[in-house]
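These are the structures, in structure tokens.
Shared between the two complexes below is chain A, which pairs with chain B and chain C, respectively.
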Partner chain A sequence: MGSSVRKKREKKKDFQKPKLKVGKTKAKADNFTDTSFKSKAIVVNQQSLSTTAPSSSSQFSHYLSLASSSKSDSQRRDALSYLTTQIASKPVNDPMPLPTAILLPKLLPLILDGSSSVRSQVLRLFRLLSPSDIGDRVEQALLYTRAGMTHLAAEIRVDALAVLEWLLEVAKDDVVTCPGGWVKTLKTFMSMMGWAVSSSSSKWTSASKVSFGKAGKAFPRQLLVLAQFLKAGLIETDTEPTIGKDSGLFPLCDVARHMIPQRSNAFAHLNLFGSSRDEEGEMYIDREDRQRVFQRRFQSAVAIGVANAKKEAGEAGRSASVLSKVLLEGMADYESVDDTQ
Partner chain B sequence: MLSEGFITAIRAERKSANTAIAKDVGIYVHELHPSHVVKSSFKKSSTPVNALACTSTHIFAAQVGKAVVHVYSRERGNQEALISFPERVHSLALVGENVLVVGTGEGRIILWEVCTGRLISTPPAHLQLVACIAATPSHIITGSEDSNIHVWSVPRLLSLESTETHEPLRSLSNHRAAITSLAVGTSTSPTNICVSASKDNTIIVWNYHSGDLLRTFLLPSTPLCLALDPCHRAVYAGFEDGSLQLIEFIQPQSIVNPLYDTSLQTTPVQITLPPWIAPFEASATLCLGLSYDGTSLYSGHTSGKIAQWDTGRRAFASELLDLNAPVTNLLMLSPFAPKLMSRAITVVKPKLGETQYTFTAQLCGRMSTDEFDRTMQSQGFPEDKLSDAISRFYQPVAAAAAASSSGDEDLRKQNEELWKVVHEQQALQKKTLEKYAGLKSG
Partner chain C sequence: MVKKRVGALEKVDADLPNLQYKIRRDPKSYTEDFLNQYGQYQSQRDIFMVSPSTATSTGIISFRDLIDFVAHVSDCFPEDTAEFPEDLKTIITRHHAELESELREKIVGSLCLLRKKEIIDSSSLLDTLFPILVSTPSKTLRTLLFQKILSDLRASNSKHTNHRMNRTMQNALFNLLTSDRTSQKGIWAVKITRELWKRQIWTDAKAVEIMKEASLADNEKVIGGGVRFFLGGDKEREETLEDDSSDEEIDIGKLKHQGLINKKSRKKKKSLDDAVKKVRKNEKKKNQPHQLNFSALHLLHDPQGFAETLFQKHLQNGKSKLNLEQKLLVLQLVSRLVGLHKLTVISLYSYFIKYLTPRQPSVTSFLASLAQATHNLVPPDALEPLVQKIANEFVSEASASEVASAGLNAIREICVRQPLAMSDTLLQDLVMYRKSKDKGTVMAAKGLLSLYREVGADLLKKRDRGKTASMGLKSGSIKERRFGEEDAGGIEGLELLEEWKAEERKRKRAERGLPSDAGSDEEGDDEEDEEAGWAKWDAESDASSDSGGWINVESDDDINISDSDDEKPAPKKVKFEIPAEDGDEKENANKNLEQKISNLATTKILTPADLAKLQELRLQADLNKAMGPKSKSARQKELAARHTDDGLTAEQIEGLSKFRKSTKEEMVALAREGKGDRSEHKSTQSLRRAKKDAEGKSTTNKEKARKKNFLMTLGKAKYKQKRSLTQTKRVLQGHIERSKRGGKRGNVGM
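Take a look at the complex of A and B:
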């Protein structure tokens, strides 16, 4: 009696299938064998492997592209220091690994870089480039320098002043005569130092903003650089007269002026193909033109600002006296001619 | 705002799979100011060196290895016609706006008048293919691989007399290897120069009117293309190794143009200045173009790069574009559109064996000139203006006097006073002169 129930139950068990429950995996079969395996692999990024070392010029251009378009600050700074050592250590008569025409446009945006080590390194690199090449490209360089001088971050403003100092050392005639070089740079100076260009009433002094805090330390330096800029623009250096040299070739005079010019873009002042330049973007080649524009637009604001700065003692006062000396000397022989009537 | 531009044509050999450059574009029209931009392009053209010509309405491009010239319409931006010639075409040039000169592989030149369809071909004057052609409104100069340069007269070639045998005026044969490029000056005087570059590493300056050799320059490598300064002060040569060189004709210390100094004509001049080198890898300079004011030079290379050079600093300025195929032709476009009385809207295909030709063109502007133009362009004063002015002097000044009588009175009084002063001064001057004369003699 007991064994028949047991036997029936065992026979039924053969035909019972295990129930499938929702959310649980299906039961494994009896003859299930596990065929999974583990493997390890090493993945290498795209590399160019060759038996010869890359040439120095290709390395130079590689580091140049790293310097201008890398995302990490330290990589940019290291690339710039490599470029500086390469240029500094080449023999004097060797040509540059890449001409300034290619180097300068890629490195100028680094003036506005966020990290201070990159900015100082790029200025060191600029000082190694040849002055005549910089003189041809000064308009582009001034664009970035002016953007730096009016930047929101104070450190970038200070470093842009250093770049302007270097430009004035290396190519001061080109800086003041290039299109937009005189008026636009003066305007950025005015806005950087807070000297309102068109203020009529003298009751409200706007000097408080600029002489306090971190920006206050930069104020004497700004005055000095402005003095240097005005000196380059308003005070004439002695240039040798070139007229009368070849008066020996009688029927021809000034033959040298008819030769193929030695300067880059000798007809820039004619502005043949560009859009018309307004007063700000004009090239002021003569000293009198620069004096005229300065007197009409900036002299009053500069005079008021210098007077206020002199009242403050210390560094600012000393720099202001230097600036006032330059102003006196520069505008001493200017007579304004009223040509509106 | 004025703008300068240039047209480049490539020879289709794709260097690398660069998907940024469209595959079948053969001719690009670039504009340089305010910044370099490609204005338009034309498809399906593969041109050899020296085989591109353009007028204000059409672009003519010969095809590599074929006896065919593609004609593209600049206004419509598409290919207008396909002109086939009896032999392979190796070089093209334009005389004025209306005659296309085709240099063939057999050594003959064929002139096709674009507006009438007239075709004139010469017997093979060259022994090998015609590699380059330069044309002025009155002469055609052809250079060939057989190292000869022939000078032809355009009126003689185009004359309607059927008995004219077409022969060159003269042949200049001082070169010793194939001629690679020719440049002719823009002067209209009988002392106009033409400059030829050849594979024997020399550049020779000729006076093609008289056939005189003016100067030979010896170079360190093979010049492939030439660009002449707008005032003929110098010539720029592009070499096989990708560099450029400036060869000056005029020295600042001499009165006489050294080219015409007969004592210097037989001695060749060695050019020893260092060439201008591009920073990218060396590939042959195939074509050169000089800007309108002569301050920028544009070069096209075998690697497909178009570079801009600064002639003032004698150095590389920037790389404009990379076209991914050898840039074989670069034609500069003048910023000033030429003032034409007629322009060809569609070209007339050449039909051989015709004796009657029809001239098809669109007239632009008016024939009659207005008063101001006529007065400006006549020599001296025109007759009628002079007689008109003279007759006005004799008319009685009736109306004017009444209106400004008081003003006249004042003026008359002032005049009298001034005359008095002048007379007094003259008397004083006479007295002092007499005194000096007296002192001198006594």
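Take a look at the complex of A and C:
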């Protein structure tokens, strides 16, 4: 009797279900074989991390986003220097890792960055960009440049001047013809140098005690950049390459003018789609237009300012004379047109 | 992190608040600094406008700060900043959805600041803010805008009512409601209107018209807002008015006293001055004539049409999506309108029928609405089936006591307003419930009984009629009221005036030494009086240009009736003054008086002096009535007129017994009742002590003795045991003596 009970129990054992518990590891099977082993060293003969490591292009865009949005300035600067080396070290004919159209909008706000190392680094990076790409984006760049030129911090103002110099080097015509590029920039110059005139006509002459303005060393430089700017806007460039090119194919003259324009948005001056522009935001495509606006709104202020600056001897005086020379040259052939329009 | 980078040198320039302060002190000298900042603002704005969503405020000074700065000093340079408000408006109008919240709030705040500086006017501000309020998806912005719009409306109405702006705003709200009836945006119109109504800035019919449109909307929320306004808006207004008046009474005497005691400083002096100024202002406000405010229900144009459309659209219409609670609200409003303006919406009554069962949720509200919708011009045929149904469904031996009492109460409330809705068999049946065991039912049945003793005693059984009613019926003084019968209108208190006049005349006679009841030269007196009355009026109204106009209006020959050819009332009045010897004569006099009432008003033109006196007498009579017990008929009138001021509520129908379970708050309140407020568990003694301490009162002798230091009492206690008999005697005698005198010092002065 007793033995049969025991036997029954033993028989039962074979078919008992293992109890599973939540949170516990599953019991090992009976026929489980442990395949783990211990070893002093593991040698891997080929190391390839390419599946997980970021590609160089994604790294590039990562650094770009770091540069544009990181909170710490050292990180921004390092990211910028990485970008610079990447662009500088690429083979000449290779395309850029990212097109300028993407790079520029991200980098432009850095003109106003608080840290000077970041600003100088970004300028270095700008100089590496291909000049042909800049022309179409000058308007946007000028926005930030102007904001920098009127900025509170003196250093940012100086660096913004450097950016403007670069723009003038790269895309001289675009700078002065783009919407707002002529009048607004000139206005910015005026307020930066303390030559601005308030629109409210006060009868009191105020001694200009502007807290920034002709502060020290920056002033001659400002004069020089202004001279460059005026030169770009007021003095005709002599190069007319189109005539020379077309003369070869005799029956066809002025072919280039009838082709699809190479520039983007060639009819921007018609302003077909944007909101209407006021005098300041207008495009001044002709040299005559620019001369007229300059004569009407700025010339007297500039003349007074130059005269005053000439009296200061030294560097400021020298640069003032450069400026006055540009003025003379630029306005020489201007005869005052009636401004009735 | 951004701020850390500002170097020491830059700080001087970058400190916009500092520059702002300087500019405010001397705008001319800092013009160029301002222009620089303005240039910076412009370039930042240009950057911003190119890409509003992505532009971040990097750099030392954010766009936000610049806007703030320019807004604060723009009044110093109006020409330079001419386009600044327009810039802000375009930015907020175009990009309010994608702006970061802080910048958005700053722009709204700056616009309000410009409005405060009166650089832009408030209509243009409202034109900018209101469309955004309606369209923005952000809740925080909505609350901000709502608050700003309200405060702007309040500010522009603070000195005097700005009718033009109110009209444009009201038109905007009206258009918002009517342009799209299904949209939820109308809720903003409701909110703004209600708030302004509450603050008594808008009190005109146009505001009510807006709410009317709201309650006729298609959106549930908007409907609810509109209907709730009509039901509760006026009460809310009254409450805020009371709050305003009783906000804080400043005790000037106390302040002055404090000024004598405390340290004298400029600040203290200034606060005292402020308090005095405030008190003066309050007094001035109190003395101002109370402005007349009509309730929203009275300002409605075409209440009949409104009630009909409300009823058809929200209640009768099978497609309306309102739930029971909202329907009840609408029903309340409709019935309130019907009762108040005595409208005729016959289909309303048959609508009630299906809801009049005890099983219906919140049936007491339905009953209250039904009673509210009843008035004396409702045909009894429409009401009779309803009363019958209530009686059948609610009032029976089998139904629960609270159900029965609610039914009886409802029937009573209906019958107060339209007694003809009751048939005699039903009434006799219902009155029998006064023998019920439940108190609520008994009271309700008794109420019904006493009501019909006054308004329709002939419907009751003879033994239920009571003494006065059966006597009145027998003598014929109580007559059955016909449907639509109205009391002949009179001028309230006219009999009092007449009484007073007679008395005056008597007094004058007595002064002249004439017999008090002679009627011979009464005319002269009368004329003199009247002359005086008019003269005074003329003198008073000299300033107003159209004073004489209305004297000539009545060209009847009644005018010269004041020569007392046929002025019999006067001597009779005199007689009335003499205490009547028996009841018969008094009754006679009373009857005569009733006739006279019509006489005085029709035979004479009341002079302004008379009217003033009439008002005075009326007030006095009201006071007397309030003090003494009310007559039954007065109570009756009051009951019937109650719903003109306040609607009937479900609680009144429920009566004593509760129809529903009491909520927890009610139970707690019931338990707390009568226990006083006791924040912590302390003895009554200590609570009393604390109260006295708070009032600054000192302790009693007993308390002092109780608190006395033990060691100080020890010597006396020891000595007590060693006293000799004579000493003890002297002490005891002294005690008796003192108690007789009333203490050590004695009540000598008594």
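Some observations on this one:
Rule of thumb we're sticking to: the second predicted complex is superposed on the first by the 250 of 341 C-alpha atoms of A that agree within 3 Å, B and C clash if a C-alpha of one lies under 4 Å from a C-alpha of the other, contacts with A are read in each partner's own complex, and residues count from 1 in each chain.
Heads up, the rule we're going with is that a contact is a pair of C-beta atoms (placed from the backbone, for glycine too) under 8 Å apart; a residue touches a chain by one contact, two chains touch by 3 or more.
For clarity, every value in this text was computed on a predicted model and none was experimentally measured.
Residue contacts after overlaying the shared chain place A:Gln262 against chain B, while chain C stays out of touching range.
Contact comparison for chain A: of chain B and chain C, C touches the greater number of residues. Applying the stated contact rule after C-alpha superposition, one finds that A:Phe273 touches chain B and leaves chain C untouched.
In the overlay built on the shared chain, the residue A:Thr188 is in contact with chain C alone; chain B does not reach it.
By the touch criterion defined above, A:Ser74 reaches neither chain B nor chain C. Once the two complexes are laid over each other on the shared chain, residue contacts for A:Tyr144 go to chain C alone; chain B is not touched.
Look at A:Ser132: by the touch rule set out above, it reaches chain B but stays clear of chain C. Interface residues of chain A, counted against chain B in their complex, comprise 95, 98-99, 101-102, 132-133, 136, 246, 249-252, 255-256, 258-267, 272-276.
The touching residues of chain A, counted against chain C in their complex, run 69, 71, 73, 105, 109, 112-115, 140, 143-144, 146-147, 150-154, 180, 187-188, 191-192, 194, 196, 198-200, 202, 204, 206, 208-213. Across the complex, chain B meets chain A through its residues 1-4, 32-34, 229, 231, 233-234, 246, 248, 250, 252-255, 277, 279, 292-296, 310-313, 315-318, 335. Here chain C touches chain A in the complex through residues 1-2, 5-7, 9-10, 12-14, 28-29, 31-33, 35-37, 39-40, 43-44, 46-47, 50-51, 56, 58-61, 77-80, going by the rule given at the top.
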